[in-house]
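Below you'll find a set of structures to go through.
There are two complexes below, and they share chain A, which is joined by chain B in the first and by chain C in the second.
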Partner chain A sequence: MSVDPSWLPPLGIAIPLVGACIVLALAKLAPRLVIDVVAMTTTVVSVGAMALLFAATSAGRVVTWVGGWTPRDGTSVGIVLAADQIGAGFALLACVLTACALSYTWRYFDDAEAHVHVLILLFMAGMVGFSLTADLFDLFVFLELMSATAYALTGHKIEEPRSVQGGFTFGVVTSLGAYFTLAGIGILYARTGQLGMPQIGAALDRHGMDALVLAALVLVLTGFLVKAAIVPFHFWLADAHAVAPTPVCVLFSGVMAPLGLYGVLRVSTTVFGGVLPAGSLHGTLLVLGIITAALGATLCLMQRHLKRMLAYSTIAHLGLFLVALATVTASGVAGAVIYVFGHAGVKGALFLMVGVLLARKGNVDEFALYCKGRDERLTKWLLPLGALALAGLPPFGTGLGKALSEESSGLIVLFVLVSAATGGAVLRASLRIHFGLGPRPDDTDVDTTKGEGEEQEGRFPQRLPATMIGAIVALLTGGLLVGLVPMEAIGEGAQRFLDRAGMLAQTLGGAPASAIGSVDVEWTWSGVVLGLLSAALAVGIGFVGVHFGLGRLRAALKTPLHVVHRLHSGHVGDYAAWLVFGMAAVGALFVIT
Partner chain B sequence: MSLLPYFVAGWLLLIGCFGVVRSRDLVHTVVCVAIAQSGTYVLLLSIGFQYGASAPVQGAPGPVVDPVVQALTLTDIVVSATVTALLLALVIQIAKRTDTVDPDELDELRG
Partner chain C sequence: MTRSARWIVFWLGAGGVGVLIVLALLKMPSFGGLVHPYRELSVPAAIGRSSPNIVSSVNFDQRALDTLGEETILLGSVVGAAALLRPSKDEREQLDQDEGRVLEATKLLGYLLLPVTLIVGADVVTHGHLTPGGGFQGGVVLATAVHLLYVAGSYKMLRRVRPKSWYQVAEAVAAGAFVVLGLVGLLLTGAFLANIFPRGVLGDLFSSGTVFYLNVAVGAEVTSGVVVLLSGFLAQALSVREVR
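== the complex of A and B ==
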């Protein structure tokens, strides 16, 4: 291949920005078809560039000093982009999901103005930049670019009260988190006089750990933990997912929230890897991950609003990813990354199928849709399949990721129960909606948000447009392929991701990319058996849920569930209070573990 | 360099958060978010400031203050302008749709 790979990381950020400018310039002049074609072309070109980058990273980390400001004698004033297989993989994932979301949007929003396309392209630029940069301040800027476009997209349906409220809560909570991150970056700059992650890392190695560095660590991680929706920073996620336009949910759930976890691990290993005891990082992330997974799974089971149900299942899975990442071993990181990729495909397809229900039936409430989906040919079979895939059915990518993650973390029971609960909840909804199983659900509970009164997005009384079906099938197939295609690149990428000394040598000293070992990312018999067990448990949960409803379970657990529901009050002030409390808790966890 | 600017920065960040927690009006909430962000400006500027140093212009005599943090602060201000404008626009829409800007009365989204 003749392409110089160091050109590719800046292109990944520049292409969507240029595309967004072209779309904006054409917005008033050109018809909708031209806008769609330009946006689609931009995304496809980005997918191509990131695929080339992903291929190029197999030979080693691709390091680009923007503007040619290379370091002299180990110090630099330039900005560095450093892509390993994991970072390039996330960038590729962001581009592929954006392509699917745009394809679905094509006919889904008949009346969408060009600004939706512009925002989605800017959002993609932010996500690609976030995955590729190795500069801490750039990381903050891309975090804000991602966030600001995400608030605007969440509140896109401005006629709807819920939509603007969800966007507002999302905006306030994420912004506060990002400012704490910036304060942490400021403290690190005061300590080390550097902004690049490898440079700060090298300076901290000489300086050592003290209370101020620990405070900076907690502050920097806060913004990323908010983005990753880790308990107790998770409150914005369900509100934002419930009200955002369906194609945007695919991006939020599939790649934006996992990118928060990527940020957490990137910063805590590259920047603080030399001064932070491994046990302390492991303990803190493990505690946060277990709580997040358990709470997300419980709330997912209790939901009747389908988009909120999927949102809480995302929170549960983010907890599982964090448990796998907490091992800080190559096998754990590889497992988590494959889990993220498989989850992005499966969860994206599920969100788009809920979007189909919303477009055809006008609401997303499990109870109100009871028996109403019998004539849906597409979702009738694909929604239960997606639910089983979510529970980890082999050979889906979610199953492979779950198998690798549970093996490396050792918490098999947690992985099986949480994934079965999330899959079971979706399966229960599907059995009620498409097959009319069980008695009519009783509609007396006041604790949860109902799915009625959502504004209908698009109307398709007769046939679904091919672009929408194509996006759903492509995402589900992608989720399947992640489990079937051998992914040695991810195993090697995980080794390289954790190879801190190699990164410092390559970025600061200009050392050539070194060869590195790999970890196995293949199906094992125990992984297959545990995946089948999770799927079987999900089927059990689905049928039990249909026949006995939530009524009796709820009655037995009335008081604790009521407390949990009331904590999610929808009040932005409460969420800000939890954010500050969570930051203190993370700091305390780092000290005691 | 005294510690006072750092305390001011920390105070602004925390009082902004406290304001969001206690707020009874969404416009007030947005302003509190902006106040929390101004804490980060103060922090960044006080990191780079030195007594008696001049502006970081090429050829300035004597020591100069750190230009990097000034660039960071400018970037931060741009971010702040975007976020504040966006949030205020959302507040206007909330007021139009629900006839209230009191967060206690907005209960469309719950657990």
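== the complex of A and C ==
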């Protein structure tokens, strides 16, 4: 059976919506098993559709004008979807991760009717739409669809005040960012009278750069930087991850936050690429990325609440992705995308393993779980392996992505240290929990959040359901495969992603997809050595952390750490203040660099 | 952070952003200009498809995918709110026997306005492609009409006439109808959300093709969505009690 490729992008959006409506209609009528089967079938069909789309993009960008409003003389009133390998790859990633999350959820939420399934399917539709659209306002609509469903999923454990608080903080900060994005789109519309990214881009090329364009750039990027949890827009992420149901964390860390970065680069190249000096974009994103990576890694090392630890590791990695994207070269973009894919598998598996600990021990605190995990057969071996993969151990996809990213950005030390710190922190926790190494941790630091008192998720005292184990193994294998399977498509996709002239010609002028070169996305000897070095450093950090605690280090750094911890106060007013400060800083960075 | 530190950070940022926005606004095109690229395109497109309400044509035909997304945001928000407002483990629904008294004048006005509001709501929905209004606006009016029963009558009466689970099904079916109409367009013409129905005569009730049917679908979705949403809030306020 052959499907016209231009059907696939709208199908990617429509299939999860139809599935969500069926689940909602059946919610009160059908037994739980039917709901699970319908939701799972929808996701699997979506995975198939997006895999077909990904395959189709190898022949060039797939352009679809919704409603048949194909442009005449280069103008159209309609909405255009344009999928290259990168966009289709993100859509596929969203569907695959959703399938894993749903598999893990199979026996998980007892009380919630079918609400969780509906929300997860709508969330998936939002992510697919966000990845595929080439219309700026449509991008905002799908950003909001992702957000609205994500807030409810975060606050789902309503018995816990902390959970509702985390959802609330997430909602306020992300909405604030989205309003600024909308304001920026309004300013761009006032200037150009267009909403499509290629159309605005072409119109801006004629007008040139001025204060209005700069303001629009800063405003539009704010919403995406909040989603991507880039410092100082990052505060919501750890609070939301700490309380959200574990399978939801997989989606947040694995694909939602990286999609924020995708939005940043898509908008700043397609819309503003013609007027924004390349050096200015490079400098701004590089500074933001380095600060985010460094702060995320530091805070990750300081956590004892396992979900917060993984959340800060996500922030650190998002910083690294941004550093690679900041090169605005095909090799940097390809490296970052492969890094995102590998990270999604590894981090997803780590989150689910923490979820298993929470389900069995009722606790996610590194200190309280000391020695308690000796009898866990699954996580005892897979958690340390996941930690090493997080640090970039070859041949995991994280290692390949890291190698390509550090090569193209040149910041080898940053990549090695940050990835080793995040892997080391997870390894330290695992050594304490599963192997009982080191003295019993005794920490009286008042600044760190403890991981006790989280509501136990599910009830599996004896045996884990096969669906849960399957999800963990699938994610870890996926993270491994990203590093083993040839990824030429991503190299070519990165070229196409940055080919602005080709995109404008194909969407507005109806030009056929042009042939385009590729960049090498293969292991190099230096990449393998640096990956092994990161993993070795992570082992070192893990063992040192276990035996000496962080007592001495923490004493030496007491004052600065105290300040950093106090900044992450959980007070939503603080977060909003930093958001506004961050906008001014981003604007200033664009002017300076 | 202390209160003063928070304000310092905020004002530092707000100062910078403020300067940037003022500089940007100075460069904005002035009011009443003659350059309107999108209007030049969208008005002929709407009239060409017999839809005198240009806004509806933009919403349901020219940029129908945005509206599908927005309708889905509403659906997601209602489902999300319902999930967050569900009674927790130690809460049960209990109805009060005594609901207090409603003024006769309120009752009279409520029952008089109920059919009027229903008709106005249906009119706003079905004429969305011709006159100002449409599915979103009319849907809210219709949902308001249902709640006049609570204002004029009682909470118990509202609950009898408003079985929540039916509205949840209606919400799902209506939201699904929008997508299915889009998929039918994809099957028939090869374009998702294509305008497939006969366009009719400009000004007729059954004109402008798909715009009419999408308006009705959105009207039904918004009505049931708002009813489900309000039922969650009303239950939390009136009948959900903590039990120990």
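By our rule, the second predicted complex is superposed on the first by the 588 of 593 C-alpha atoms of A that agree within 3 Å, B and C clash if a C-alpha of one lies under 4 Å from a C-alpha of the other, contacts with A are read in each partner's own complex, and residues count from 1 in each chain.
In this section, contacts are C-beta pairs under 8 Å (C-beta built on N, C-alpha and C of every residue); 3 or more make two chains touch, one makes a residue touch a chain.
As the structure is a computational prediction, the values presented were derived from the model and not from experiment.
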Partner chain(s) touched by A:V580 [first = chain B, second = chain C, both, neither]: both
First (chain B), second (chain C), both or neither touched by A:A190: both
Which of chain B and chain C A:D239 touches, first, second, both or neither: first
Partner chain(s) touched by A:T169 [first = chain B, second = chain C, both, neither]: first
Chain B versus chain C as contact partner of A:V141, first or second or both or neither: both
First (chain B), second (chain C), both or neither touched by A:G155: both
Residue contacts on chain A - larger count, chain B or chain C: C
First (chain B), second (chain C), both or neither touched by A:L119: second
Contacts of A:V572 with chain B and chain C, given as first, second, both or neither: first
Touching partner for A:K28 - first (chain B), second (chain C), both, neither: second
Shared chain A contacts, counted only where both chain B and chain C touch the same residue: 137, 141, 144, 148, 151-152, 155, 158-159, 164, 167, 187, 189-190, 195, 566-567, 569, 571, 573-574, 576-577, 579-580
Of chain A, residues touching chain B in the complex: 137, 141, 144, 147-148, 151-152, 155, 158-162, 164-169, 171-172, 175-176, 179-180, 182-183, 186-187, 189-190, 195, 238-239, 242-243, 299, 302, 447-449, 564-574, 576-577, 579-580
Interface residues, chain B side, partner chain A - complex: 9, 13-14, 16-17, 20-23, 26, 29-30, 33, 36-37, 39-40, 43-44, 47, 68-69, 72, 75-76, 79, 82-83, 86-87, 90-91, 93-94, 97-98, 103-104, 106-111
Parts of chain A lying in touch with chain C, wherever the complex brings them together: 4, 6-7, 10-11, 13-14, 17-18, 20-25, 27-29, 64-69, 75-79, 111-113, 115-116, 118-119, 122-123, 125-126, 129, 135, 137-138, 141-142, 144-145, 148-149, 151-153, 155-156, 158-159, 164, 167, 187, 189-195, 203, 210-212, 214-216, 218, 566-567, 569, 571, 573-574, 576-585, 587-588
Touching residues on chain C, where the partner in the complex is chain A: 1, 6-7, 9-10, 12-17, 20-21, 23-29, 35-39, 41-42, 45, 58, 61-66, 68-70, 72-73, 75-77, 79-84, 86, 88-90, 165, 168-169, 171-173, 175-176, 179-180, 182-183, 185-186, 189-195
